[in-house]
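Shared between the two complexes below is subunit A, which has subunit B as its partner in the first and subunit C in the second.
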Partner chain A sequence: MSGIPVIGIPRAMLYYRYGLLWERFFETLGVSTILSSPGNREILDTGAARAPDEGCLAVKMFMGHVESLIGRCERIFIPRYSNYGTTALFCTRYEALYDGARNIFRTSGQRFITCNIDAQNGSPEPKAFERFGVELGFSPKESHRAWKEASRALEQQKKAEEQAQKEMIRNPGIKVLVAGHSYVLSDPYLGKPILDYLISSEAICLRTDALEEETSRRACAQFSPTCRWIVSEEVVGAVLLWKDRVDGIVLVSAFPCGPDSMTNELLIRRIRGVPVLTLNLDTQSGMAGVETRLESFLDIIRFQRGEMV
Partner chain B sequence: MRQQRKVALPRFGEYNCALKYIVEQGFEARCILPPPLSRRSEDLGARNSPDLVCTPFKTTLGSMIEALESGADTIIMVPGGCRLNYFGELQEQILRDLGYTFDFINLSMYNTGKKTDILKALKVMNPRCSMVKAGKALYDAAQMVEHLDDITSLYYQNCGFDPTGTYPKIYRKFLSDMYAAHSLSDIQEGFRSANHAFADVKLHKPHNPIRIGLIGDYFTVMDPFSNLELEQKLADMGVEVHRLMNVSNDMLRSGEKNKQASIFRFSEYSMGASSTTDIWQAQYFAERGFDGLIQVKSAFCMPETDIMPVLANLSETYKIPVLYLTYDSQTSDVGLMTRLEAFYDMVDMRKKVER
Partner chain C sequence: MAENAFLGIDVGSISTKAVIIDESNTILAQEYIWTEGNPIGAVKRLLGHLEKQFDRTAWQIVGVGATGSARRLVGSIVGATVVKNEITAHAVGTTTFHPEVRTILEIGGQDSKIILVENGIAVDYAMNTLCAAGTGAFLTSQARRLGIEVEEMGAYALRSSHPTMIAARCTVFAESDLVHKIQMGHPREDIIAGVCRAVVSNYINNVGKGKKICSPVVFQGGVSKNEGVVRAFEDLLKCPVLVDEIGHLMGAMGAAILARRSLKRTVFDFSVGNMDFITRERSCGGCSNNCEVICVYRDGKMIDFWGNRCERGAAKLGGELSENSRG
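Take a look at the complex of A and B:
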């Protein structure tokens, strides 16, 4: 044993969605892991220097996290999430992360490991994790059990989040629905300042990623039948389900997010009766511009509610 | 009785001749050809599209508007592997918001994984059409696409070395033959005569000309308007231009999974949409000692951006220069010319050193 953890997990992109699943999986199998530190300016800058210029902000952040893990673990874990079937796809960026990182950091000597979730080509999630476990040196049975336990934990967490959100919505006060991908909203450098600002302005923040997947995806399927990206479907579905119960919607996306560029436009065109603010986050630093826009957005809501006469 | 539909598809390179053939011969509907793409189509599209969407969305939207202006009452949009799959729905919404009245056949609605669903789309186009006839027309159109791609690639490989200037004339004649074709024999006749005419031209080709391979996103690399006639510009400099990225190679003769196996060292899994084909083609060109590679992509194209590190790796491994071109809705080609000339000079100098 070399004394360093076996697996390194970049704390970015789908970590904010499936992180618990991965961690629990490794934990159950007894594999030591290391998690990169929470996102900050420095990580983003190193990532932006490494990733293609035209890539999206989230990919730049991701590559920064990968770079920070190099040499600190035996293998860096970059799962490839492709699809859960013909009508449940992921954005092509998640498909490309593993091979992208392998090519970007080709001279570093770092080893990478992936778990390929691609139901269209005979590798659905349970099977993918089984194979992944075998690659790590465990039996298929052990790996399957670990995956099962992990996915149960993820489900419970999701349910708890939804419950908490449902209780929040009963409180009086201005309710703002913040719509966006989990890796943008939860990232301490990207989306967290937005949520913090809203909370400090005494607004109740609801999040689209705290709803149960199936419910919101079903709502989206009727509204926009050809939207096939799971994550976008959830955002759209959650907006549809909650729009009548909130005072305003903030659409947060990372520049230049492919799916968001289209689904957000569709939402703006089809949703009536609720004020909507679109925020595009870029590599620029400083919150002043965003704060001004949030402040005036909250003012509009207060005017509508008759609180600022 | 319902009137005959007037069907239109947005302009996409010269492939509209095959689409026209399917619509007219297969479904017995009228095909409205939108005007060739122009500055106006792009402006119309860009003005009404979201900012951060890729350029093909804007161009095709502009072309749809021009098709509606030309009298079409039905618009067809195709599905795809990236954002393209979602184009139709958003474009329909934008056109409706603009106040246009039309029927929209969005093929990605029928792309559900069940093969029989796509037949439903055909029935929508013309409920009384015969499946046999439609099948025959699809087969003929596939042949037309193959011939078109063969002639096009022959044209750009050689037209830079034709001192008489007859190459463009033959190519234009061939295209107009394809647009006018009514049967398989028309298609084959047009192909044969173009081939013969090309063979009759005496070329002044050096023994070892500069060869440049083009790769890129599905729309921009195949559509001469969108890439500011990149191929013609290169050919005029005296370059043998090779482009494997075309509809016949990517759809009719695909073999994508096996391509993935041969590019294992660069990319283990598909990186989405056109990426596997692109990397495979780049490797193909590099292995055959091409002098340069050009990646042609539209701004914000997702898979093409993601394969840039792979191309950088490939360029280092095979010692082949790569020029990355990103096209936004720009209309002036001065910047492009400067970059192309510089790239050409560099490739030319490298070649002289090698000799």
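Take a look at the complex of A and C:
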């Protein structure tokens, strides 16, 4: 063996949704891994230089993470998340990540490995990870057990997050629901400065991705039966479920996100009675524009609560 | 005994505004000049103008509010007691003078915003997102293309009875559409009226998207001085649009009112106008983000910095700052 980790995991995109599942899966099987560094300007810049021009900011960030792992692991792990059945689809960008990265970095000599989650074509998540484990050299049984354990860990984490959020919402302070993809909200360079700003301004930050996914998706189905992507349904559903319990909603989007461009429009036009702020993040540096908008948004909320100024 | 007065400064991308008010919001001095890409120089000139209008034996400035896109920079130079974003400043200023207002439209040099008000309290707002489509900067460049001054646009537009249709979605497209219409031979009045209309429909479809615009409507910002745009708003919104005679000063007014309401009191004198200020951009280098940190120096000593995303930058430059404040 070469002595470098077997698997490299880019800390971007669906890592912020399924990262625990992947890490626990590899850990249970005893496969060594390396995780790329938290997102920063340098990673985004290298990614933007390599990613397709029309890709969203998150995809650009992702490609930067992939590049940072080249030569530092035997294979870079890029799962292909397509669907969980005919009514549970993922954005096509996620589907394309594996092929895209392989093509972009084709001259690097780096090897890649995927795990194909495509329930519509006979590869639902359990099956997909079983096959993936076999490809890594484990038996179907070992692989299945590892997936099961990983899956349970992720479920527990989700429950704990939702519980924590339910406790936060009882707090009397200013509550702001931040809506968006986990890979935008959690990324230390993209969305996290927004959450940090809100918290430092003494607002209580709630997140749409901390709610149980099925509950959110059911709420969305009644509101918009044709909403197409799983994550969009979750964001819309969570906004609907919590809009009356918060003082304001911030829609955070990585430009140009196709799904968000539809759902944010829908939310802006249909949500009444609570201030909504839209923030589109692009490659511009500096937080000045974002801070102006957040500061004034919080002022508006304070005006309404009679706490001003 | 000198009575209390409050200074409000609004430094925007295109223009720099200031007012001095007394305890009952009466204007004691006011000024409106171009920023000309030099906010520090603009503020110094501004202070020079104000000083001449202002009776320093009768009044004493005890609070300073700064707003506008250069509020941080200007705030640290003049030692502002309140630094507030321009949306809040405009909302405070406008609701003070027009308590019945329901909708505030604002189009400035680079930004446009809408503020919705209920019972004198701002309840929702929106601001242009990534692009500066349909703001004052666009009107200025189109006026230049048509060979007229931007100030003349309104008068031209009002003479038109058939405004030319100009694509309003994006100013890049609007511009090529405009060139096409010029070459086709549309009269200049109609084209100018069309541009005003394009600005308004762009505003309503983008900034005003999904917002319920209720009357009374107040329109301010530099573009509100263009009667063609005012007319286009009235046509499209089907309600009267009020342009306050001090509408262009509302941000500065709001900043002054916020300084008055705040409990912080510091006597301000006009001597900062004679001090030497420079700014320098420094790459932090503390981590891979390599933040562009702006440092402000007064007479060679750093007085403030910002732009760092994390504490590493603060630790690095903060040491230098505290050393200076001791020295």
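Keep this in mind: the second predicted complex is superposed on the first by the 308 of 309 C-alpha atoms of A that agree within 3 Å, B and C clash if a C-alpha of one lies under 4 Å from a C-alpha of the other, contacts with A are read in each partner's own complex, and residues count from 1 in each chain.
Throughout what follows, contacts are C-beta pairs under 8 Å (C-beta built on N, C-alpha and C of every residue); 3 or more make two chains touch, one makes a residue touch a chain.
Model, not experiment: these values are computed from the prediction.
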Requested in this report: Answer with clash or fit: subunit B and subunit C placed together on subunit A by superposition.
Outcome: fit
Requested in this report: Name the contact category of A:255: first (subunit B only), second (subunit C only), both, or neither.
Outcome: both
Query raised in the report: In the superposed arrangement, does A:189 touch subunit B (first), subunit C (second), both or neither?
Result: second
Query raised in the report: Who contacts more of subunit A, subunit B or subunit C?
Result: B
Requested in this report: Based on the superposed arrangement, let me know which partner A:225 touches: subunit B (first), subunit C (second), both, or neither?
Outcome: first
Query raised in the report: Where does A:29 make contact in the superposed view: on subunit B (first), on subunit C (second), on both, or on neither?
Result: neither
Report task. Quick one: classify A:153 as touching subunit B (first), subunit C (second), both or neither. Result -> neither
Requested in this report: Could you say whether A:264 touches subunit B, subunit C, both of them, or neither, answering first, second, both or neither?
Outcome: first
Report task. Report for A:280: first if it touches subunit B alone, second if subunit C alone, otherwise both or neither. Result -> both
Query raised in the report: Who does A:40 touch here: subunit B (first), subunit C (second), both, or neither?
Result: second
Query raised in the report: Is A:293 in contact with subunit B, with subunit C, with both, or with neither (first, second, both, neither)?
Result: second
**Report entry** Lowest C-alpha to C-alpha distance for subunit C against subunit B (Å)
**Finding:** 6
Query raised in the report: What part of subunit A is shared between its subunit B contacts and its subunit C contacts?
Result: 255, 265, 269, 280
Report summary line: Seen from subunit A, its contact residues with subunit C in the complex are 37, 40-43, 189, 193, 255, 265, 268-269, 275-280, 282, 285-288, 292-293, 295-297, 299-300, 303-304, 309
Report summary line: The residues of subunit B that touch subunit A in their complex are 50-54, 57, 79, 81-83, 85-86, 88-90, 93-94, 97, 106, 108-109, 111-113, 266-273, 275, 299-300, 302-303, 305-310, 312-313, 326
Report summary line: The residues of subunit C that touch subunit A in their complex are 69, 84-88, 91-92, 121-127, 129-130, 209-210, 258, 261-262, 287-292, 307, 309
Report summary line: Residue positions on subunit A within touch of subunit B in the complex are 51-52, 54-55, 59, 80, 82, 85-87, 91-93, 95-96, 98-100, 102-104, 106, 114, 116, 118, 224-228, 255-266, 269-270, 280
